[in-house]
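Taking it in order: structure first as structure tokens, then the write-up.
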Amino acid sequence: MSILIDRSAKVLVQGITGRQGGFHAKLMMEYGTDVVGGVTPGKGGEWFEGKPVFDTMRSAVETTNADVSLVTVPARFAGDAVMEAADAGIRLVICLTEHIPVADMMQVVEFCRQRGTRLIGPNCPGVMTPGQAKVGIIPAMVAMPGNAGVVSKSGTLTYEVGFAMKNAGIGISTIVGIGGDPVIGTTFVEVLEMFENDPETEKVALLGEIGGSAEIVAADYIRNAMTKPVAAFIAGRSAPAGKRMGHAGAIVDGGEGSAEEKIQALEAAGARVAANPEEIPGLLA
Amino acid sequence: MSILIDRSAKVLVQGITGRQGGFHAKLMMEYGTDVVGGVTPGKGGEWFEGKPVFDTMRSAVETTNADVSLVTVPARFAGDAVMEAADAGIRLVICLTEHIPVADMMQVVEFCRQRGTRLIGPNCPGVMTPGQAKVGIIPAMVAMPGNAGVVSKSGTLTYEVGFAMKNAGIGISTIVGIGGDPVIGTTFVEVLEMFENDPETEKVALLGEIGGSAEIVAADYIRNAMTKPVAAFIAGRSAPAGKRMGHAGAIVDGGEGSAEEKIQALEAAGARVAANPEEIPGLLA
Amino acid sequence: MKLHEYQSKFLFRDFGIPIPLGKVATSADEAFAISSDLDGVVVIKAQVHVGGRGKAGGVKVAKNAAEARQYADDILGMDIKGLRVNKVLVDPGADIQQEIYLAITNDRSAGKPLIMASMEGGMDIEELNRQRPEAIVREHVDPFAGLQDYQMTFIASAMGLPRAQWRSFAKILRGLYQCYTESDAELAEINPLVITGEGELLAVDGKVIIDDNALFRQPALVEQRDTSDEPESERLAREAGITYIKLEGQIGCMVNGAGLAMTTMDMTKLYGDADGIGPANFLDIGGGATPEQVAAALRIILSDENVKCVLFNIFGGITRCDEVANGILTAYNEVNPSVPMVIRLQGTNAAEGNSIISEAQIPNLISADTLTEAAQRAVAAVKEQA
Amino acid sequence: MKLHEYQSKFLFRDFGIPIPLGKVATSADEAFAISSDLDGVVVIKAQVHVGGRGKAGGVKVAKNAAEARQYADDILGMDIKGLRVNKVLVDPGADIQQEIYLAITNDRSAGKPLIMASMEGGMDIEELNRQRPEAIVREHVDPFAGLQDYQMTFIASAMGLPRAQWRSFAKILRGLYQCYTESDAELAEINPLVITGEGELLAVDGKVIIDDNALFRQPALVEQRDTSDEPESERLAREAGITYIKLEGQIGCMVNGAGLAMTTMDMTKLYGDADGIGPANFLDIGGGATPEQVAAALRIILSDENVKCVLFNIFGGITRCDEVANGILTAYNEVNPSVPMVIRLQGTNAAEGNSIISEAQIPNLISADTLTEAAQRAVAAVKEQA
């Protein structure tokens, strides 16, 4: 199977009765994802597109045997929602919500770690295994099934690259949007490791950006443990230092986290780094 | 080897420059325990009976490679001391201190659990493997080496029974005082399991008391998983309900935790229960 | 340390939990004044550290201030299970549609705070647990992460609380958890938490027990300690730093270590019960057992008129028995008890200790070798006096 | 959100951290009055949201009140790295024996708070980290358990702090951690924390940055926001809920998504840098891109006089490109920009969107198919105007 999700994933949507949650739940179902229900406290007993709505994750999991959850609730409730999912025994939580305070996320990430729940995000577009299932907001049209893995901090940039790959005839095993926040549940290295161990994946595109050192750590992993080829792009070469470029995590601080150092590290590790994301399909071909 | 400690244990004493800590450190050394040093914040660099004193557990462990620690500091600092030991990578922490607030212990026990450190106590006399090592305050004279394990919530009652066993010619593999507080690091069941798996132990004496349900859980374990014979004594048959009998945990509350129910459960599980602790040697012979 | 109902509820109020607008009275006139202010039906409730006050006549509903004065007069000074009522709480009557049980306590087995909640409040939780355990929702709290919002939704949903009350219930549960942690409570209980005719939640009765070991960091709560119904001997013992609990028997016990102290009590009962003889107290003298401590403990034991014999059971470990023996003799000479004393010293330097006792040649001092022997001799000594 | 030095230190004071007894002045006369009260040597420090103010002449030591007035007059109104100085802090001079660095920050990799401490304070931490990384003690804090006492002892001991200061250091570190958590800070830094001649610790300079995403629960801190040195365009964007950052180039960028927005900037530089052409701004229009938002964003971009061309790069995913195209046309008609606009729509309904743009037949509107093409055409459009 592909990494993280395939057509067997049973998915709950936390916040399914909300505008965003409901909209994307429908698109996911149209894509073929097995959405088994949703959770909105106070709306248990209602129905959404023929799927049951529950008050709590615990009752939802008991009834549906869901193993994956998508969190679409507002920032001030999102941390609690992720912890609820982890506490209910969910294997994989994907959190779309942006603007969650870092202090909350530090606790949430620790909470998930202690309970063995994998968290993707927050502030991410989600995960898609083309042709099988998608959990999140990645548009169906940006990718076709294939053997290239994609891991990215960004949303639309990922669509851009996936779409360019599709136009070049390159299919994708799984797209993982890890999110652009400073503290996230799953890092580049963890996803690279999954791709390295995934028989369906033969090569990987890594889309990073300025801020933090996750790409540097990924470069170490690529050099030391990765046998599959990696093509990369790092956004933010033209970004000034000390300014936060939209994503909470995208900031060059005290000389650390610049695009240049990341590009150097990735190239030194043997990854091919594109200056223009539209070159990625060529580097992967 | 015996359970928990043997002569190879390298022991640090937290609070070694205190009156109680220093006194027992000396007795432990006389017994043959390998006390490799002590910790008292602010007194690093001093010496105690030829052993180095450190400011922090981290530096003490780095220098001495200690794997066991004895906490003898006052109640309001004891929780922190246990966590410091766990954080420094200590395998086994034995906490003598009594009067630690339960709220502190709930956090400390969770902290140790997360870091894979075994905690014995608090409010316990410690652990002794006769003829090899003792960590705590159990007097040398109360036991001789042999093949009976002893696990107990109490201090002097344990000495009483150990001494009676010695007088009856029954030696002991290891004595574990788990402590009489409501929330403790290691329960009866965990120690019974160690004894069950210990080739040096052939039979076990369990000394319980009123309060809580640890003896009931132990009875379940004895019935379901224990092959070695168990003799037991439960203190507090004559204690009134709703009163705390010295130990913070020794209270019959809302009809739960009485001596009668514990005795019944143990007998039903096949343990021999003494009405008088001086009968224990006879039941084990 | 137990808080009274009124103290518990006033503490709840500090954490944002709605409680009735009642006040405490120590006289019938005060109760009259409070009732007049409240203007309507009031409930007069005895404030004592014991359960079952309702059945004992310690709770009365008064239709007006005059009745309130009468009932307060009846209840104040009343004796409930041996405790004198010194205070009553005068609460306005509540319009009760539903009684809920809500409590947070330390779960010993899990080592975590445990929330218990039920729509079948009002009755005793132990009683409810025996009758309908499935009616109680139980939820543990992670001691580091604390109570999470999703847990409150889970509890409200699982217990079957009407949705209209979820938000106010969550606010109360949040407050109760805060009260529990910030007060170092072993138990913080609201029973009943009522849903009124207007759909409001109200904590009508409350109970808080504070962890004695945490009192050092709860000065404001320590100030609320009410010892007026504590037995004199227990108060003296507490002030002397000795753990002493008065019981109904005849053999005063002085032992080092709590487990051994209970065991010693058990032995006196094991051998005396057939003759109606048993322990007069629990007493743990602790590790040191200096002459001063022994003397103080002896005085406390002897303040109980039922005591016909004192049983010393000391297992010398770190403590040497010869030192303890000297301590006992010093204390003996100071206190000069008229009842016989059975002394059993075992462990380190036991032989020396026993020699010291026997050489003192005091007729009232009986030496014993084993615990069994000591208990049997103490029982015999009591029987001789019968 | 950055706090000024004086705001940071006054916040520290609320958490029990000792700071100098200085005050803020907005005029030279005020600075004179404060200095007179302080009576002695004072330090006049510019309060601006930028580093390196010392080298820029924004910090002066005055021997008396008259000098203080003069220096305050010099510094107030000064331009430091493009920011106008509107306030100065007048602090009493400290007797500095030793300068310590102490900070708490979010460690992204570990996902935990990180404490950094060094006896070699005073200089920039990045500088210290480059020169003597081994002089910095680093300690993570468990986000649930919080800062433990033993960690404070470890830090004090490992950094080589004299024992005489351990206790007061622990108190300050405890306060700083509390400040960091309770204020939702990304950074809470004291540099230097000085040991005075009397052996006291004093936070002489401080810096606090608050997590923007947590401002909803920090109303008291939000009130302290000082936007007087924020560029007008960034303030307008912030108020319109658009993320906009002004840069130095000529191509105004309007993009959906932060990663793609950065990438679009990068592309203009990739193809324009040789001719000195690059991005004029970062702008993420977000998910919706309604005509109103597009119009607001367009106005903000055009408020920058350097802008010679606007580049739209929209990847339609959930958003349909035909809707975005209509939005752009509406906004175009409303704002009526004089500079050329390169429009690249890709993804869902891209063909329809591009048709709408080309059918509008506006001479200034240039359509592009790929990102590469769009960037190249924008660069060309700027070059044409040169």
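Order as written gives the chain letters A, B, C and D; numbering starts at 1 within each chain.
Just so we're on the same page, contacts are C-beta pairs under 8 Å (C-beta built on N, C-alpha and C of every residue); 3 or more make two chains touch, one makes a residue touch a chain.
Only a predicted model underlies this, so the values are computations on that prediction, with no experimental measurement involved.
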item: Where chain B and chain D overlap in contact partners, by chain label; value: C
item: Selected pair, greater C-beta contact count between A-C and A-D; value: A-D
item: Chain B and chain C, separation of their C-alpha mean positions in angstrom; value: 27
item: For chain C paired with chain D, centre-to-centre distance based on mean C-alpha positions, whole Å; value: 58
item: Junction residues of chain A - those touching two or more other chains; value: 107, 111
item: Shared interface positions of chain D, touching two or more other chains; value: 142, 144-145
item: Category of the chain touch graph - line, ring, star, complete, other; value: other
item: Listing of all chain pairs that touch each other, if any do; value: A-C, A-D, B-C, B-D, C-D
item: Complex contacts: residues of chain D adjacent to chain C; value: 142, 144-145
item: Contact footprint of chain B on chain D as seen in their complex; value: 145, 148-150, 153-154, 157-158, 163, 166
item: Residues on chain A engaged by chain C in the complex (per definition of touch); value: 41-42, 44, 55-59, 77, 80-81, 83-84, 87, 107, 111
item: Chain B contact footprint on chain C (complex, rising order); value: 106, 108-109, 111-113, 124-126, 129, 142-144, 181, 184, 186, 211-214, 216-217, 243, 245, 247, 255-263, 265-270, 278-279, 282, 284, 315-318, 346-348, 370-372
item: Interfacial residue positions of chain B with respect to chain C in the complex; value: 23-24, 27, 75-76, 99-107, 109-111, 137-139, 141-142, 152-160, 163, 180, 182-183, 207, 209-210, 212-214, 217, 233, 235-240, 243-250, 254-256, 259, 275-278
